[in-house]
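Paired with chain B in one complex and with chain C in the other, chain A is shared by the two complexes that follow.
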Partner chain A sequence: MRTFAGVEDEDKWLAEGIAGIQHNAFFMHRALDANNLREVLKYSVLMLSELRTSKLSPQKYYDLYMRAFDQLRQLEIFFKDESRHGLPVVDLYELVQHAGNILPRTYLLCTVGSVYIKSKQAPSKDVLKDLVEMCRGVQHPIRGLFLRSYLAQVSRDKLPEIGSDYEGDANTVMDAVEFVLQNFTEMNKLWVRVQQQGPGTVREKQEKERNELRDLVGKNLHVLGQIEGVDLEMYKETVLPRVVEQIVNCKDELAQYYLMECIIQVFPDEYHLQTLDTLLAACTQLMPTVDTKIVLTQLMDRLSNYAASSSDVLHEFLQVEAFAKLSNAIGKVIETQLEMPIVGAMTLFVSLLTFTLRVHPDRLDYVDQVLGACVVKLSSVPKLEDARAMKQVVALLSAPLEKYNDIVTALTLSNYPRVMDHLDDGTNKVMAMLIIQSIMKNDSCISTADKVEVLFELIKGLIKDLDGTNTEELDEEDFQEEQNSVARLIHMLDNEEPEEMLKIICVVRKHLMTGGPRRLPFTVPPLVFSALRLVRQLESQDGDIAGEDVPATPRAVFQILNQTIEVLSSVPCPELALRLYLQCAEAASDCDLEPVAYELFTQAFILYEEEIADSKEQVTAIHLIVGTLQRINVFGVENRDTLTHKATGYSARLLKKPDQCRAVYACSHLFWVDDLDGIKDGERALLCLRRALRIANAAQQMANATRGNSGPVTLFVEILNKYIYFFEKGNPHITPSDIQSLVELINNEMQSDNGNTTIHSDPFFTSTLRYIRFQKQKGGLMGEKYDPIKL
Partner chain B sequence: MVLVLALGDLHVPHRAADLPPKFKSMLVPGKIQHIICTGNLCIKEIHDYLKTICPDLHIVRGEFDEDARYPESKTLTIGQFKLGLCHGHQVIPWGDLDSLAMLQRQLDVDILVTGHTHQFTAYKHEGGVVINPGSATGAYSSINQDVNPSFVLMDIDGLRVTIYVYELIDGEVKVDKIEFKKTSTTNPAP
Partner chain C sequence: MQLILFLLLVSYSLKTGYCDWDLNLLIMNYLLGAFKPACNISITFTDGKNRKQVPIKKDNGQTVMNPLFQSQETISGKISIEPYQGKKVEHNGVKVELLGQIEMYFDRGNFYDFTSLVRELDVPGEIYERKTYPFEFSTVEMPHETYNGVNVRLRYVLKVTVTRGYGGSIVEYQDFVVRNYVPLPPINNSIKMEVGIEDCLHIEFEYNKSKYHLKDVILGKIYFLLVRIKIKNMDLEIRRRESTGAGANTHVETETLAKFELMDGAPVRGESIPVRVFLTPYDLTPTYKNINNKFSVKYYLNLVLVDEEDRRYFKQQEITLYRLKEETS
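Up next, the complex of A and B:
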């Protein structure tokens, strides 16, 4: 039993030990030079006696051991040369056994044994058997371990492997294996016993010391892996079962963990595949404190890499039913290790899933199975709160997305949504965003209503407020990013078949309507435009297509559109709603649906009158109303008159005079459409221009009154340009003299400004005049038209 | 040689998920000196993305833009050319070239860039050139039934500007070019 001492004490003892070795080695060397066998043996024994100490920690003992080891090499050279000491090796082997203490005796025996085997005077296997038995005499854990380690080192190149100089009979490989196995088994037993009882902090030190020794034991497994002639058969029947037996029986946590890892790393992957039953059975029999998940994960990782190495290998996996076995083993481990925290179980599932995706990517049933097992485990805990476990679940859910690059595949996994249900709301949204990002990155298209339904269920955390969440708490930027992602997603939902597309739109609408006023402004527009694209598609096809629930007709779509835009009033966002109504109105016009178009315009006008009060917004709204109305040709005379009358009325009642002026002259275009059968009411067009002119005058007077000088002539020049426009188009009510008078009016306005401005020219006016001159010079009909105008 | 990118009417995310990948791979940061944008991005994300391509970004307000602070119109000088920028929903009738020519005279510019119709046009008239880069995402338009994604790259070199239009037709990027030369310098004598 080693007493626990301070480091200084140990250093002192080590120094003493080293001094002892050096001292005796000196004399041993003298004897070697003199070929004095007797003296050589005497001093070598004395030297080796230093290794009998029980005061040193493994690290320090190793130091001592290495010095002795170096000396023993010299000794071996001496032993080998019979001419120097005169004894046949057989006799030498006999002689050294007379050494007094067992430790030096056995070291010497191993050294001579090495020479003996090399001499080939006895079969390697016999000598080795003898030596490995002899080592039993040393039962002190550290001394025994190093002794056996020495034996392993000197015997390494003398094993009776196939193709070596020491190859024996038909059983030769078995003999080699047997020797190594025996040494391994004994070394492990010794290693386990290095452990001692003691208080907590001391135990950590012990663990550290034990770990320092572990490679001595592990080395044997490396050797087993390298023996020539050990094939799969022998590995399966002999090597692995014996090793596993020792691992399980030693009941030592440290040893079990280390040795299982060793096996996985040392032996080839194809062996592991063929011995899965044995390996996995061993895993389930380990001590409960052993971190089996790391072992299993390592195994699965190696097998995954193996599968990736070549395509032929795959059928082996199927043949041995690798997936089923791993799946069962993991299930068992999770079941039996009750104290395993949830994060551990999740980590195991992630490893298994990674394995499955790499080895059997086409087996969606396997993937679903793994997710299913995960669901069962998650259901057994009341609520998932551990952040690390949550992270593992996210990794679990992300893996199929990354692997398949196609969300549709992930959507077919029945357990996928069930796993997501177990996430907390925050993580659920993170996962939902990952799903959307995957779709966008891969440019995926989701093309059936069923899949859309599943998808929107998955991302429901983004679509609506889940129980317990409060959107008020959410960061504004994050919220916008989320909603914009959902908006973009809507454009990835598409089907060429109008019937199916309509179903998709209905499903999406159903979900979006649960979003609440904060979300609707983001999500409604993409839905609307998606529907408008469908309308255009329907229009371009011949005939209606009757669907099951909702027949796919433009009219049906407009009904849905109307109801959808209506919902925006709950937000409220009238400006957006107005724009959407106008877009739909134009689309309805293209479909020849006059009542629908009229209804949509009515809605837009109501919004303008009742909800839009901001002056700037009003101006934009008027532009949109007039611009849209100008293009629409579906209305009969009465309807058109009603709407244009309203529009011009709004224009004239805008707050600022310049805005009024511009809106009114824009309305002139409502009465003149340049198409073949477009309206061409020259008189009413001109009326608008004159009204605009009056407003411009009023604006000038106001400027005079308030500021003491006239405002810029811009409005007049704009109106002049409009006069020119209609003049060129052939409006009979506009004469060259009208244009002439306007030009003179503008000149006057500019000159009356002379008092305080130095600007004598207005570039807009100048370029307009230049344009008129250009047209005059054109000649032909246009030149003729302009001829009366003198500048 | 000054490269100016003109684009607009992306309508992200209202009408489109993103720019076409083929366009995105062409728009490499650091190659372009100015960006002029006709509006209707519609969200800040797109604004930020455009800024990464070129920090000198000029943009005007489209009717669906999220940011209401963009101006209704803008003028700027690049080399020998004066450029004007306006979304175009303010000019009625929409897309009418004569009305746009009027706006060009009003802004007193050599090149007027407008959008709204989602239809590429380059129209030379007495007062200069009117360019519409179309919709960079090929977004739905009530005005234009058949929209292909498109944008314009202008190469301004002295008194000459070469206008390249990039259109994505059936999955392939097609390029066309038009040249325009000014007859005199813009800047008045000091």
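Up next, the complex of A and C:
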């Protein structure tokens, strides 16, 4: 029994062992040179006796073994040459068995045995059988493992496999397989025993040491995989059942896991495919602590790759019903291995799904089935909290997206949303983002209301606050990013068919409305514009579709829009709502829906009056309102008057004088639209400008009073430009003298203001004057018009 | 000077009460040389050159080669007596004896002759020159084999005596070896047995035969039914049990002739370990049963299991050894 001594002790023992081997090897070599068989045997036995030590760890023992191994090569060469020792190999085979100690004896026997096979004086199968049987005498796990490993090594090139010299007559490849299988079985038994050798305190170290030995065992499987002539039939009937039997029976966690892994790695994919039943049955029989999922995962990965390697093999998969089998097996494993953490089950599902997607890309029902199984499993556990499991679920859900490059396909999977339900909120969002990104990347257009419904159900984590979400914790940037994604997504929902599109919009609206004040500012605008696009589409088709029975009318859309924006105004986000109202109003105007447009404007004005308090916002709003109103030509005189009146009224009530002034002169455009059928009320336009002038004057004086100087004349210059504009456009109420007097006024203002400083200091004014001169000089119609103006 | 030496040698042999044949011969030769001994006696066998010679270990550790015979063989040859130059040998007769002797070591020097045949070679007279006598013992019954044991020895010897009235008779010995061959036994059952210590160790062992010839191979299997002890290794020993004397004077001597490791390490339940032991390398004899009521030699296979505390668990089984007629000889 090896005691667990310090490393130094072990090093010492190893050194002693090596010295012993070298010492005896020296005498052995001398005897070899003298062709003295008796001495050769004597010293080789002494040398090999060094391997009887129990003091070394497997790693150190390996070192020792390798040194003896090198010497045994020399010995084998000597044995091969009968002229050197003068004994027929069959006698030699007996002679070495006279050694009293089993370990040196069996090493020598294997060495001679290999020569014996090579000499072909006996059927290789008999010799192999004898060797593998005689090795039974070494039951010490480590010594036995190395001995059998030696046997495997010396016999490797002497197996009666197909195409080898040793095959034929009574020696068939079956014998080779039998030999390797037996050696494998015995080695595995020994390996399993390594751990049972000591108190629990050293378990961990022993586990590690055992792991170091595993390749000795696995090598046998490797050899089995390489034997020429092991065809599918033989593999199915003999090799696999025997190996599996051993694996299952050894009841050792480490061994089962490693050997299953070996099987999967060593044998060809098509064999696995044809023996799925056996393999999977084995998986369910492993010890409960064995990490079956990794085994199954590897198997499925290999099969997936195999399926991907060539389309020719796909029919094989169908033939053996690979999916059904794998699916069953996984179900069973999950069912039986109760301790398996949820992440394990999820990993399995991911693998199965990957497999399905590769092998049966056309079978969406399979995919759905996998997801369904996943749902069942997830439902059986309390809330999913394991981060790794969560990751696996995300992978599970992402896989179909990647495969089909098309969310539309995923949307037909009924279990897809049910799986998502099991994610926690954070992950749900991540997943939703992934879905959106996938849509964006593939530019896929979702074109039916049903799918949109499903899609929004999927991404509801982004659409609304889920129960129990702490909004405080959310990172603002992330939030914006998410909502921007949703906004982008809305643009991907499109259908040529207006009716369907209307449905889509309704669906989206329904979902978005649940989003709460923080989301609406992000999500409503795209919805509005999407709807407006529909409106324009409808309008362009107006000729074709007529009648009130068609649900998708612009009017209907505007109703929806109105309601939608209303929500936004209460969020509160009045500025945005205002803009959207104006946008809609303009669209309504284009559709010749005067009442709608009027209503929308009314809403906008109400917002302006009631919600927009900030003076800067007011300025902006006024300009927007004026700009929009100016372009709208649908209103009748009365409505227009009302609206323009309102707008001018607001303008005049702005807080700051310059703002007032600017708003008022902007209002002048409301009365003079430079269109063919636009309104041309020159008098009221002039009134506006005059009023603007008054305000500018007042502003100047106010500035004088408060700051001592009247400030720049910019306002005047701006008004001058408006004059010139209307003048050019042919407003009869604007005369050259008006312009001239205004120019003079500005000049005066500047002189009085700046005293002796340069007169033409204002570049805007200078440019304006230059323009006037230019027009005068240009001549023609315009030149004549300008002629009366004297500068 | 020479006389003193003689006395010394004689006193030596008296003191020890021990007289080896070789020493005896040495002394005789010496004495003959010293006193210019009368003659040189040599014994040769008829087919001496072709007859198989086997090594026999002598007490002084030397190995000498002796001719091999078996029972019912005719032992013949020539005895030549050659007086030393110019001397004559005056005698009261010359005879040759074939003796089968058993010597017990507790009774050393006392030979029990179980076979004794005599041939008179010459009537009393004088020998002047080399004289050769043919002799023949035809179809001699030699039921026992030559044996060199711990406490007993069985030997065959030719003893030539030139009887003289004075100065003692001149005696010459020639050893030869007898081995008897038997045919294959008609019944040869295997040995099969289940043994164990309750709740500790249960094994079943099987040896393919109960009777082995001397160049046989013991084949078998040890099957572990239950293992609750930590076994370190398992050996198969071949033991020889030599009993001499009878009744109260019986001496039993047991030797372990072979210790052959069958297993290294601790097996688990269900493991079966092969046994294959070649008997050739060991110095074995057939089993001897009650040879002339003087001694017996029996052989045993002893299966020994050693645990990690070096406790030994063993089971001994008698086997019969016999000498099978070799094809080659």
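To be clear about the criterion, the second predicted complex is superposed on the first by the 754 of 791 C-alpha atoms of A that agree within 3 Å, B and C clash if a C-alpha of one lies under 4 Å from a C-alpha of the other, contacts with A are read in each partner's own complex, and residues count from 1 in each chain.
Throughout what follows, contacts are C-beta pairs under 8 Å (C-beta built on N, C-alpha and C of every residue); 3 or more make two chains touch, one makes a residue touch a chain.
All values derive from a computational prediction rather than experimental measurement.
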Contacts of A:Gly137 with chain B and chain C, given as first, second, both or neither: second
Touching partner for A:Pro763 - first (chain B), second (chain C), both, neither: first
Partner chain in contact with A:Leu103 - chain B first, chain C second, else both or neither: second
Which of chain B and chain C A:Arg358 touches, first, second, both or neither: neither
First, second, both or neither for A:Val626, with chain B first and chain C second: first
Touching partner for A:Arg67 - first (chain B), second (chain C), both, neither: neither
Contacts of A:Arg193 with chain B and chain C, given as first, second, both or neither: second
Partner chain in contact with A:Glu94 - chain B first, chain C second, else both or neither: second
Chain A residues touched - chain C or chain B, whichever exceeds: B
Touched partner set for A:Arg52, first chain B, second chain C, both or neither: second
Footprint overlap on chain A, comparing chain B with chain C: none
Complex contacts: residues of chain B adjacent to chain A: 11-18, 21, 43, 45, 63-64, 89-90, 92-94, 96, 98-99, 101-102, 105-106, 108, 126-127, 139-140, 142-143, 145
Residues of chain A that touch chain B when the two form their complex: 440, 443, 480-481, 484, 487-492, 522, 525-526, 529, 532-533, 536, 579, 583, 586-587, 590, 620, 623-624, 626-628, 630-631, 666, 669, 673-674, 714, 717-718, 721-722, 725, 728, 763-764, 767-768, 770-771, 774
In the complex with chain A, residue positions of chain C that touch it: 230, 233, 258-268, 271-274, 276, 278, 280-281, 308
Touching residues (chain side chain A, partner chain C) in the complex: 1, 52, 94, 97-98, 100-103, 105, 133-134, 136-141, 143-144, 189, 193
